[in-house]
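Next come the structures, one after another.
Below are two complexes that have chain A in common, paired first with chain B and then with chain C.
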Partner chain A sequence: MSKKMLTFMSKDKQQFTIEEEFAVQSVTIRNMVEEDCASSVIPLPNVHSETLTLVIEYLNKQASVAENDLKKFVDEKQISTLLDLAKAASYLDIKGLMDLACEKLADLIKDMTVEELREIFQIENDFTPEEEQALRAEFPWAFEV
Partner chain B sequence: MVVGIREESSDSGSRDLMTQLVMMGCSFGGSRSRNTSPMARAIGSRNISPSRQKTVKTKPRGLDEEMIAKFPKTPHPDVRMEDDIWAMLPEDLLNEILARVPPFMIFRLRSVCKRWNSILQDNGFLKFHSQVPSHGPCLLTFCKNSQSQTPNCSVFSLPLKQWYRIPFTFLPQWAFWIVGSSGGLVCFSGLDGLTFRTLVCNPLTQKWRILPKMHNNQQRQLSMVVYRKQRSFKIIAANDLYGDKSLPTEVFDSNLGRWSLHQKMPAVNFCSSKMAFCDSRLYLETLSPLGLMMYQVDSGYWEHIPAKFPRSLLDGYLVAGTQKRLFLVGRVGLYSTLQSMRIWELDHSKPMWVEVTRMPPRFFRALLRLSAERFECFGQDNLILFTSWNQGKGLLYDVDKKQWSWIAGCGLRLHNSQVCFYEPRFDASIY
Partner chain C sequence: MAESSVRRVKMKDKAPAQDNGGEISLDRLSSEVLATIMTKLDVSSICAISVTCKSFRVCSQEIFKFLPNFHLLEIAAPIDRLRRLLLPNASLRSLKLDCRRMNESSIDYLLQPGLLELSLRNCFRFSGRLLAEVGARCKDLRSLFVSSVADNRGQLHDVCDLEGLLRGCTQLEELVLMFDVSIFRRPDFARVWNLASAKLTCLQFGYITQLMVTELLSPTVAPNQSPNHIVPPVFPNIQKLGLSVDYISNTMISIISHNLIHLTHLDLRDQPIIEPGVAFDLTDEGLQLINQHGRLKHLSLIRSQEFNPTFFRRVTDQGILFMADRCTNMEAICLGGFCQVTDTGFKTLLHACTNLYKLKVFNGTRMTDLVFLDMYATSLALTLVSLRCCNLLTDSAVLQLALNMDLIMLDFRDSRNIGDKALQAISKLPKLRTLLLDGTDVSDVGLSYLRKGAKSSLVKLSIRGCKRLTCKCISSLFNGGSNRELRELDLSNLSDLTNAGVLLLVKNRIPLVDLRMRHCPLIGDMSVMALASMTMADGDRWHGSSLRSLDIFNCGGISKLSFQWLKRPYFPGLRWLGVAGSLNHELVDSLAVDRPFLHLMTHYA
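Presenting the complex of A and B:
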């Protein structure tokens, strides 16, 4: 008996197949399967093929690999990749992947200075110098490190 | 790599629900316009190579010299700033990431921008943050040599190997002893003139509160227990320190806001200061005779636990583990050459102390150079910590993993300090 396969199509029109039993870890996909909308190709216009490759790799690995090894999945990944993964995991509602990606991102963020964070997230500093000074003075110990 | 949403005509005639949602321009989880200036967008993709390994001074805008942007020790991988990626960072995704940042780091992140400042103070976010599994145990050290001295308090995060000198400026002069810490709250006690007082605080939120006086004004051994789910706490005053008369046990219930009187502890001559609370029971070690007393908080009654203590036990520390586990820790052996540090666990059914493990001799020798050297022992969640007063070292035993390890990176400043485990939580309420 052949396993039921699903087909995803990424934003850049690449197709990926995955066994349904692994795919339904995504609650979004699971709902589609239950409502019988998953028979033909499932378009995922929010997800680029590079990210989708990783998502599918995760879904396939998740069943067989131990938790500690699964954590390595997010090692050595660039911040942009991790953010894409987190967004895809949010879109597809895959809690495990979301947790992994967000944890890694939080881990990277915590070591950054305020200036670096603003650069990475392209955030404009909308505090006046006085306001920023006051805020830093409120928790001087947080900036000692 | 471009990730973003572009309008494009699809081959198939029908648009399913997901595509339609996407075309409406919202990514899953709400949309929010990002805090960017037009100039930032115009920059487009930027290449920040790891070769930029120098310190960059921020422009002098009337700020101190301390504001120097430094790149971290490990070079960041090439991050290409694609405008679109960041543009579509939904609010709830930002929340998910920020919620996983260790509590102490949150304060620094508040100064990134006004949006982050407001998110990180929002009660909903703080509650969410508190629900994320803890980052690992922390140690709180408190050093105050005399009434007049300002206390020196620091928190050490074991997993992050970092010290944080959280201010405790709100502490009144009389707060001299740490009673304990549980569920994010820390309890202090001290003598305010002649009155014995207690105080409860959450160091992270800097909220604090002095508790009402006890019925009997006596310096007592206190124990605090926090019921996280019920958002309440109790403080139990068992034996008095200069115990020639035995006083009724007093319990402060945060739900009632007052102390209540309960059964006196049955007559024992001396009690050690060793207590542990687990499974709604307070266990207390009595010295003369050497034994174990248990106080049931729910019923308000004391009971003697007839578990025989190991022979030649030199010191007996009681440590509570998870659920119902209770450990006894101490040195055995009168002669220094034959001494060993052992850990027993109480088998409640018998009741009997069953040996769990012994400290490997190399650790024992390293921790206590001299056999008579003082050490402290306390624990939480099946972690038992040994601290050596003179050397300022910390040795950790993980009961579940059966692992001994030195606490790295802390150079424990232990001389004259009180130390306890502390779990930083935003949601610990002092009421």
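Presenting the complex of A and C:
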């Protein structure tokens, strides 16, 4: 008996297939399947093909591999890759992958300074210098002791 | 699954507000990602991230209402700073704090009802009532660690407080009371433990007398019950027991081994001022009684030398041999102060316990190389080895030990005859992370064997007081880009260490986290300045010095100039500083004002 396959299409119009039984770890996809809208190609306009490749790799691995080995999935990945992965996992509602990516991200940003954090998350500082000073003074140990 | 959708809904409600706020509007999905990341961060990192921009600040303020783990141990924050963070939080499950600047008025903020895990260190300003309050407010608690409760206040603890704790926390599995429990009143103390949860598997006391232990573990029949009444054992399920006592005696060992059926970890330590008489001491007979139920995996018996040189003089090879016979499943053995045990005893243990991964011997005065002669015949599973003050050991022993290729930690402190040949063998260990060589016979040449280019795994190295080392020891270690994984380095008591050595460290940009140079007469202001101005390039980002701990106590060349370089913004991550205070009172005080959360150690440790 052949396994039911689903097809995803990434933001940059690349197509990926995956067995339905693995795909439904994503609650978003599972809902689509149950409501019968998963017959043709499923467009994922928020997810780039590079990230989608990793997501599919995770979904396929998750069923067979032990939890400890699964943790290695996020080793040696760049912060930007992990952020994209976490965003995709959030969009597709795959709790396991989101937790995994976010945990690794937390680990990597743990000891960063405010300036480094701004760079990583591509944030612009919208505090006035006085406001920022006041905030830093609230919890001085987090910045410099 | 439901949880994440609930949270997403929460964030969706927040999104419009954030859109109106800062310049950058985070799309709704990123908010969920951000929230998830924040819940996995420690408190200091959440505070740091909240300063990046307005929307992140809003997010972090929300986080403290459902953060599951609130851990802040690296500094001792006063309660007025934490009030805004320790909000009423129904999701709070784990709290770990250094409480030395708090007192009982903080209890409302600390003892939240949903807690499963609680760790409060340095509770000097709390009374025993803290325990009763934990019992009253944290009914679901699984794990409790408290240290120094009411230490040095000269008060007797009230057993009612302990009763309150045990009655209230019916789910308690792990209980660590790191303070002197011998000042609870007997016999009420023993009786109260009948209330302890049956789920208790792990118990540790900071200090207790062996008499109290004996009373605790041998429940007596109450006078109005018949002698046939079977008394349920106190602590039916204890697996891990850790005690610091006045004397380790045969009686106590016997009672522990007999009554604690499920015991897997036993950790006993004593520091007697005078050696106990035979009735109160550990002898060969006592060792034979260990592990009566066959489940013991970790055993630690240590007679510390802290007050006086005292030993387990009544334990000989015979006791060890009998013990080895019954303890072949042991995985970790720590023996301190067994001065009568010879090679026969130690070797038998090593060969009998095929699952042994951890071996620690302090003051093995009769231990020689012969113990390790047939290392190849053992299971070679050792990963943590500590042989301190074993002065008959030479490099040959280490050559044999190095056959254990999985070794992660080696500690040869004060084993005077370990030298360069040993280092040659040690350098071949691919997984070694910690190496402690204080007071050994190593020289600069020996240290140069530890240069392995990119392949070094060493994270912590201590070469305190190694008399043969000169200033060249730094270049021996780091030339050619070696040992870049090193984060903790102890160079204390090296009389030849100069500022040039420290400059070399800085030039090589080793991102040390912990650097100690106590009692180095030639170290001075130049070293402090060099360390302060150390910049780490990481692409085009600039890092300041990565040091979190610096010890320059009693260094000969430290003057007023150094104190300028110890102030902010230098050493941004510094949490702990050792510096001589006696000659520099004003300077130290002014530094303390500049850096109120810096832990300053200004006297002999």
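Quick note on the criterion: the second predicted complex is superposed on the first by the 143 of 145 C-alpha atoms of A that agree within 3 Å, B and C clash if a C-alpha of one lies under 4 Å from a C-alpha of the other, contacts with A are read in each partner's own complex, and residues count from 1 in each chain.
Operating definition for what follows: a residue touches a chain if its C-beta (ideal position, glycine included) is under 8 Å from a C-beta of that chain, and two chains touch if they have at least 3 such contacts.
Not measured: the values here are computed from a predicted model.
In the three-chain model built by superposing on chain A, chain B clashes with chain C.
Contacts of A:135 after superposition on the shared chain: both chain B and chain C are touched.
Of the two partner chains placed by superposition, chain B and chain C are both touched by A:124.
When both complexes are overlaid on chain A, the residue A:95 reaches chain C alone and has no touch with chain B. Shared-chain residue A:110: touches chain B and chain C both.
Of the two partner chains, neither chain B nor chain C is touched by A:31. In the superposition on chain A, A:14 makes contact with neither chain B nor chain C. Taking chain A as the reference, the larger set of touched residues comes from B, when chain B and chain C are compared.
When both complexes are aligned on chain A, the segment of chain B among 78-86, 384-392, 402-410 or 420-428 whose C-alpha atoms clash with chain C is 420-428.
Note: residues 46, 83, 86-87, 90-91, 98, 102-103, 105-106, 109-114, 116-119, 121-127, 132, 135-136, 139, 141-145 of chain A belong to the chain B contact set and to the chain C contact set alike, using the contact criterion stated above. Per the touch definition, chain A reaches chain C in the complex via residues 27, 46, 83, 86-87, 90-91, 93, 95, 98-99, 102-103, 105-106, 109-114, 116-119, 121-127, 132, 135-136, 138-145.
Residue ranges on chain A touching chain B, taken from their complex, read 11, 28, 37, 43-46, 48, 50-51, 76, 78-80, 83-84, 86-87, 90-91, 98, 102-103, 105-107, 109-127, 129-130, 132-133, 135-136, 139, 141-145. If you check the complex, the residues on chain B that touch chain A are 1-3, 5, 10, 16, 18-19, 22, 27-29, 34-37, 40, 48, 56, 58, 61-64, 66-67, 69-72, 76-83, 85-86, 88-90, 92-93, 96-102, 104-105, 107-117, 160, 162, 164-167. On chain C, the positions that touch chain A within their shared complex are 1, 4-5, 8, 21-24, 29-30, 32-33, 36-38, 40-45, 47-54, 56-57, 74-75, 77, 81, 84-85, 541, 568-569, 572-575, 595-598.
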